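The following pair of complexes shares a single chain, subunit A, combined with subunit B in the former and subunit C in the latter.
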Partner chain A sequence: MLGYTMPIYIYVIESLLVALILLSSFAMLSSRWVSFYIHSYAFQSFLIFILTLVLGIESQNINLYLVAFLTLFIRTIIVPYMLLRMIKKFNIKEEVKLSVKIPLSIISGLLLTVFAYFLIYRLISPFSPKIVVNASSIALSLVFIGFFMIISRFTTITHILGILIIENGIFLLSVVVVPTLPIIVELVVLFDILVTLVAMLILSMFMKMQTGSFSTAMLKRLVG
Partner chain B sequence: MDIYLNSTIFQIFQVIIVLAFSPFIAGFISKMEEIFEGRRGPSVFQPYYDLHKLFHKEILVPSGASFIFGLTPFVSFVSMVLITLLLPVLTIYPLPLGFMGDMLAGAFLFSLSSFFINLASLDLSTSYGGLGSSRATLLAILSEPTLILVFVGVALIAKSTLPYVMLHVIVSSMPLYFSSSHFLIIAAFFMLFLADTDRRPINASTHVEMSMIEEARILEYSGPYLAFLKWSGYMKQFLLLVIFLNVLVFPWGLSVNHSPISLIIAVVSLIIKMLIVGLIAAVIDTAISRLRFFRYQEYFSVAFVLGVLAIMTFQYKGF
Partner chain C sequence: MQIFIVAFLIIPLLASLAPFIVRNKRFAEYASLVSSSLVLIGSSVILYLSVSLKTISIFNKAIVIDEFGAYIILLVGIVYFLSSMYGISYMRLAIEDEKMTDKELGRYYLFLNLFALTMLVAPMINNMAIYLIDIELTTITSAFLVVTEITEKSIEAAWKYIVVVSVGLSLALLGTILFYLSGNIPGSAHIVSSLDWTVLSSHAAYLNKDIVRFAFVLIVIGFGTKVGLSPMHTWLPDAHSEAPSPVSSMLSASLLNTAMYGIMRYFSIAGKDVGFGYPKAIMIAIGIFTIFTGVMGIINQKSTKRLFAYSSIEHMGIIGLGFGLGGLFGTFGALLQMLSHSLAKPIMFFGSGNLLHKYKTKDIRKIKGVFYVMPKTAFLFSIGVLALIGAPPSVTFISEFLIILQSLKNGYYIITIILVGLLVAAFVGLLAKVVSIVFGKDDDDPNIQKGDFGPLSILPMALPLVVLIILGFYIPANLHHLLIGITHIIIK
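Presenting the complex of A and B:
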């Protein structure tokens, strides 16, 4: 939104939506159940869809409409559907194994968020409005929280979801900072998600067949 | 002269309203819980009958009890009445004693009452008293950072910690009312409200020895002393609801002038708002299961995160 001036209610809606997006990633950090992770990922993507749609309507940008509906279609419907079908097919009811306990991981997520605010403040605050600083720090903190989720959880599905959250954060950053990005870039990114998801699902299915579990905690050494 | 007299009358009326209606709200919430569980439940006026019965019993003091045992019910009751004077229960304009203290003073009075109950439960050195007071102290320690952060958030939004100022700031600025930091503060305070009034994610509020917290602390009391403690418990819930509704969530419907009609409107709207929130609290109480004792940190860390995010997003809200 650099270079645009918007009416104040757009600012209000945007600050509410980005706060909810951040909270949905904290909801993932605070849970032990795989299906809850997937549902809150779908909710987060839905919020990003609404944000993109609102910005598109306000800035009269056809590309943003297209990107918004592609987001709705792929991130909110297809990806959670594939993941849910996978856990239904393999009948996963186990809890996610954590290397960091839940209170500590929530507080670490908070520290990462504050760090993201600090970084964005140093980087772009002199030449951008405050709402862009807010939204892009939340986008950067989604990237950090995604990394943290990959590190601290021992299940392949949460690894996939961590990558998807990182990607959500990058997408949010691009929408908020440069909404006039060419649509081909967004298409490439969405295609990237689908390919990554399919590849990782196949890999984790192989792992399930080989080791009998989705957990990566037992993978201590490489076997040739 | 007339305005001063009217303000004084309103101030007295405020205390009377809180004293009179706090058992009703507690009775309503427990009645709703019973209905949601598929039972008929006691009457809405059951807390009044309880208080009436307890006040007609004789005073029994266990042998070996020190002066703290007799002092505690009155300290608890009087601190609740003092908090009532600080809060905008009925009026949108400040009453004469409203500037006696800010929200921090209210928090201090709440913890003074809790501190004296802890002392009294430790006084007789029974096992249940020690158990209850240690659990209650742990809960207080865990909820304290969030409480402070909520105050900091309110102070940032209103540039003051007086509840009347916060109310005026929210009413006068719609973007501020709908800002994310305001909603995050509301969420954090609601989690604290559920924890402080013994609602479900934290405590079942039962008489089962395994899980009781509030009940274990006042197990030794009986008769009029117990009535005072119970009444101050009802008043605590009522006052937390007043802070939640009239300062944070919905500060409309309060009386704007000194006429009796606006007073009646204020009382009715306050009770209706409380019944709605009580309904929500009863739904939460029946829908959510109780957390294990060693998982309380998860609940309070979520509330802490909400408080910190409220402050962070307020700094860069952009309007």
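Presenting the complex of A and C:
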């Protein structure tokens, strides 16, 4: 965490957690099943919660406690619950249609992670310790992987999850790089996630009722 | 002051709840008309106050309105007023023709007023992160307006809109966080621990230059998605063409300005930090490319509303280019272009709404001879398009002329040539399409009844047209001073 010096075991925990976070996003890239995506997302959010809590305890920053528990409630419980209920309600068992096959997806994910590392390294390495560079480059790679998921998977649910992963990445970056960020910003971002999620779920329900599917592959009428 | 601002923001909120309080169609219509008239008056008062007081800052500087913010609020107010007025006529026809249900109508009025509320709040907010979230809320409210009538096409448009813009704005959030980081680097002498634009712009010199450079690009991409800067414009023609006409005009004429406001705040901060050359170069490049995309969309267009959506993209490119060229003329021209676009675009979208109800199609090739069928609409439509594309004596001509003048003054001859070429192409393209619509050969389709719709479909087109032409002859001294003041805010 930028601006704080911490005991070595915190660094170890932090490295381990960010590695697991990256792993969970790759787990999403390697699957075809919607419910697996949602569970990976919940797991990832839970890891981010633990990371935030550990950093909050170590730096004795009350704001981070609050943000951590809000993350637990919203990102780990409410959002996956809403998505899973949606799936149950419409009894979705269809596989996700991929435009990029799974092995290629994983290779692209790797390349994006490396790219994120170089970007962050050039940007913040002059004034930050190595552990911050590593953690924030993984945060940025989550943003890129979220983008990649949106463009390579044709389901409304994976579009939503892509946006949520991007938000997770930005949240992780803000926790690691700017822990003094005003609490109000984190609060409005969480509010925004909830509102966007509800709006997108309603829209995808409209879509299901009109076209009979959650697939976005047939949405190509409007061109020119 | 606090009470006035709060009351100003509560009005549209009350109007949005109107269809659920009194279950009467007429009540909801007039509630939204009254609310928009009050908002228009209120926004003029805010503009007056902000000019006389320089800045209104209340709630411990959570809300700060300077001249620039007040100007944007006024533009939103104008378009909100025109759209609510036209919406009455449009929605009555939609109920008659397309069997719109009461539920859909209630949802329309709910989200129309909420959309106006979120746009009115945006330029007031001091904290740039909260401003960004407010812009995201405008996306959600307007996405539900796009699906006022649930069809496959409108759902596709809304889905594209919400996904593309949410993703874009998440990049802007990343940029905002990097701006915060740029002031919070451990070990630096001055810590700027705030996201308020007032603080950022007064302490701009202490921000880390490398990070600001990177963050500004992210901001331009992020808010540029909302503004419709190319190549992030893909949602714009779809959403504009599938939304009901009053909503299209609000999307095009006020929402894009509200997002451009955010870019310009960061433009000013980044300019004070790294020198104005860097943000200007970015805005010029993206502006030219956006104009090019808009013109290409105009030339090869088959649908009326998409035509004007691409024209919006073109205009946003001109505004971005104007700000990018900087200087007094460029910035003044861009600000004036914002006003003229906000006045001219509703005319065109309302006109295409009337055509849509008469001909039941958006296909340009199937709409011919409007002049013989709907003379009043045709008249306003054809004069409106001249005002939109910048034929004198409309105010658009002055603003575009000023931008061209600035690029000559800077010595960017190649940019001038490209700009003039693209403007002429847009002129010819739009005019050719509109002439074929208005004066084309009449097929005498027996199914089409001759005659205009009621005065509520004509008046919202006539009012801004009169203002456009009067401003083309004479720009009042007050407006001139206001725009000069805003120019100094942006390029201090």
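Here, the second predicted complex is superposed on the first by the 222 of 224 C-alpha atoms of A that agree within 3 Å, B and C clash if a C-alpha of one lies under 4 Å from a C-alpha of the other, contacts with A are read in each partner's own complex, and residues count from 1 in each chain.
The working rule: contacts are C-beta pairs under 8 Å (C-beta built on N, C-alpha and C of every residue); 3 or more make two chains touch, one makes a residue touch a chain.
Everything quoted here is computed from the prediction, not taken from an experiment.
K.L.:
For A:Ala199, is the partner it touches subunit B (first), subunit C (second), both, or none of the two (neither)?
P.N.:
second
K.L.:
Per the contact definition in the header, classify A:Ile131: touching subunit B only (first), subunit C only (second), both, or neither.
P.N.:
A:Ile131 sits against subunit B, while subunit C stays out of touch.
K.L.:
More subunit A residues touched by subunit B or by subunit C?
P.N.:
C
K.L.:
Looking at the overlay, does A:Tyr117 come into contact with subunit B only (first), subunit C only (second), both, or neither?
P.N.:
The answer is first: A:Tyr117 touches subunit B but not subunit C.
K.L.:
Have a look at where A:Ile8 lands relative to subunit B and subunit C in the superposition and call it first, second, both or neither.
P.N.:
Touch partner of A:Ile8: subunit B, not subunit C.
K.L.:
Name the contact category of A:Ile107: first (subunit B only), second (subunit C only), both, or neither.
P.N.:
first
K.L.:
Considering only touches as defined above, state whether A:Glu95 meets subunit B (first), subunit C (second), both or neither.
P.N.:
After superposing on A, A:Glu95 lies clear of both subunit B and subunit C.
K.L.:
Quick check on the superposed pair: does A:Phe147 touch subunit B, subunit C, both, or neither? Answer first, second, both or neither.
P.N.:
So A:Phe147 only meets subunit C here.
K.L.:
Going by the contact rule at the top, pick out the subunit C residues touching subunit A in the complex.
P.N.:
Residues of subunit C touching subunit A: 127, 129-130, 133, 136-137, 140, 143-144, 147, 150-153, 155-160, 162-163, 166-167, 170, 173-174, 177, 180-181, 184-188, 193-195, 210-211, 214, 237-238, 241-242, 297, 300-303, 306.
K.L.:
Can you tell me which positions in subunit A touch subunit C when the two form their complex?
P.N.:
Per the touch definition, subunit A meets subunit C at residues 2-3, 123-124, 127-128, 143, 147, 150, 156, 159, 162-163, 166-167, 170, 173-174, 177-178, 180-182, 184-185, 188-189, 191-192, 195-196, 199-200, 202-204, 206-207, 209-211, 216, 219-222, 224.
K.L.:
State the interface residues of subunit B toward subunit A in the complex, per the touch definition above.
P.N.:
Counting only subunit B, the residues touching subunit A are 175, 178-180, 183-184, 297-298, 301-302, 304-306, 308-309, 312-313, 316-319.
K.L.:
Which residues, counting only subunit A, touch subunit B once they are in their complex?
P.N.:
Subunit A residues touching subunit B: 8-9, 11-12, 15-16, 18-20, 22-23, 26, 30, 102-103, 106-107, 109-110, 113-114, 117, 129-134, 137.
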